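Shown next, in structure tokens, is the structure this report addresses.
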Amino acid sequence: MFAHICTEDFDQQSLYDELLAQSQPTPGAIVTFTGLVRDFNAHGPIEGMSLEHYPGMTEKALLNLLEQATQRFDLAGVGAVHRVGELANFEQIVWVGCGASHRQHAFDAACFIMDTLKQAVPLWKKEYQHGEARWVAVKSSDEHAAMTWLTPSKN
Amino acid sequence: MFAHICTEDFDQQSLYDELLAQSQPTPGAIVTFTGLVRDFNAHGPIEGMSLEHYPGMTEKALLNLLEQATQRFDLAGVGAVHRVGELANFEQIVWVGCGASHRQHAFDAACFIMDTLKQAVPLWKKEYQHGEARWVAVKSSDEHAAMTWLTPSKN
Amino acid sequence: MITIKTFAQIREISGRAELTIKWQADMTVDNLMEQLALQDAAWANAFTGNVLIAVNKTMCNAQQRLNDNDEVAFFPPVTGG
Amino acid sequence: MITIKTFAQIREISGRAELTIKWQADMTVDNLMEQLALQDAAWANAFTGNVLIAVNKTMCNAQQRLNDNDEVAFFPPVTGG
């Protein structure tokens, strides 16, 4: 299991290889998700973003999610990477990889991690638009979900 | 859109790059699925397999599936690779990549392609076990599904 | 001429990966299969299980009418992925 | 001592990324927030919206009792992924 927070770009092959090397037993099915910075939001085009995080807690919350996913979906291996700092449009921002014996488990686990990551890992996006920097707002439906996934009992 | 049938192994980074280069517009979400040869079946350990295909029709059926997935899930890009010939345990056998604006669309499309590929693309597995080679059997529930996905009206 | 191709178990049981036979007007895939089964018991055996049919690389059923120069393929349910 | 950390909007509005204050027996996160809001209107503003709380890098609610040397973090709902 691995959770990396990094400022530099990441490589698909290296992460895939790292996931497979750590998986036990060798999984028959590997699903990866990669998110790229979009070049627009609801108000028009953006010119990149910056990502703030809580050093120490971000890694811990991400590992916590991966641990939950492993137990819930019987994963052979799981890993995640999230970029922080300055990011240009179309740069890679997040990667999640799940290996499992059953195809559907690998798909479901990757979905679960992405859904909960967006609610439970301390990361904050600020978008550059029209010469200004604005914090990205959260949907109100996500706010309570964040607490649910992060309650101490889940640790 | 690309569908490759090949005997040689494939590279994760190259396929990811090929998918992204062909996607229009650049997708915010990319999901990949990779399948590896397992080292066992219901009867015990196996010693690899061979895959037979129908040259010409295999590529056509795979492209047909990718076209269906593109329309159904509003994909920005999609690609698939399937190995044929002799494969050792744990070798990469299949890769599917889907790029979309919406995360869930990319996940759903990759699931759809894998589910239907296993029913609608002319490929046949033969496993080596206990010194014999045996054709892999299909679940009867999949047999009718195959016809559904491959009817001429879907072309 | 009709070109016939077979795959996997159908190929092994029939003993013929590919062959051609003379096309006849109003011929259907069903007629073709009957003709092959009458010619050789191996074909009858090959057609015992679940046989999928493709004409010119598109799936179809046994009622499909054949044109001259069609390619007809017989194979078992697929197991890729 | 209690170490206080803030992130994103809470950091910008409070004007303080990190500070320490004296620990007091039976102190809760709620008490700490009241104390900060009374000291400086910027903290009162920072606490107006939806504030998430972590103590020692684990999420909790404002009723959490604090121990000496705890690290308390205040931040808005997260937007990663």
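Letters are used for the chains, namely A, B, C and D, taken in the order the chains are written, and counting of residues starts over at 1 for each.
FYI, contacts are C-beta pairs under 8 Å (C-beta built on N, C-alpha and C of every residue); 3 or more make two chains touch, one makes a residue touch a chain.
Values in this document were obtained by computation on a predicted structure and should not be read as measured data.
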### Remaining connected clusters, assuming chain A were absent and nothing shifted
B, C | D
## Note on the structure
Separation of the C-alpha centres, chain B versus chain D, in whole Å, is 51
### Task
Provide the C-alpha centroid distance between chain B and chain C, rounded to the nearest whole angstrom.
25
### Query
For chain B, what residues touch not just one other chain but two or more?
35, 114
### Query
Taking all chains into account, which pairs touch?
A-B, A-D, B-C
### Task
Enumerate the contact residues on chain A facing chain D in the complex.
35, 51-54, 56-57, 60-61, 82, 93-94, 114, 117-126, 135-138, 142-143, 146-147, 150-152, 155
## Note on the structure
As the complex stands, chain D meets chain A at residues 5, 7-9, 11, 50, 52, 54, 57-61, 73, 75-81
### Query
What does chain A use to touch chain B in their complex?
11-13, 16, 26-39, 90, 101, 103-104, 106-107, 110-111, 114
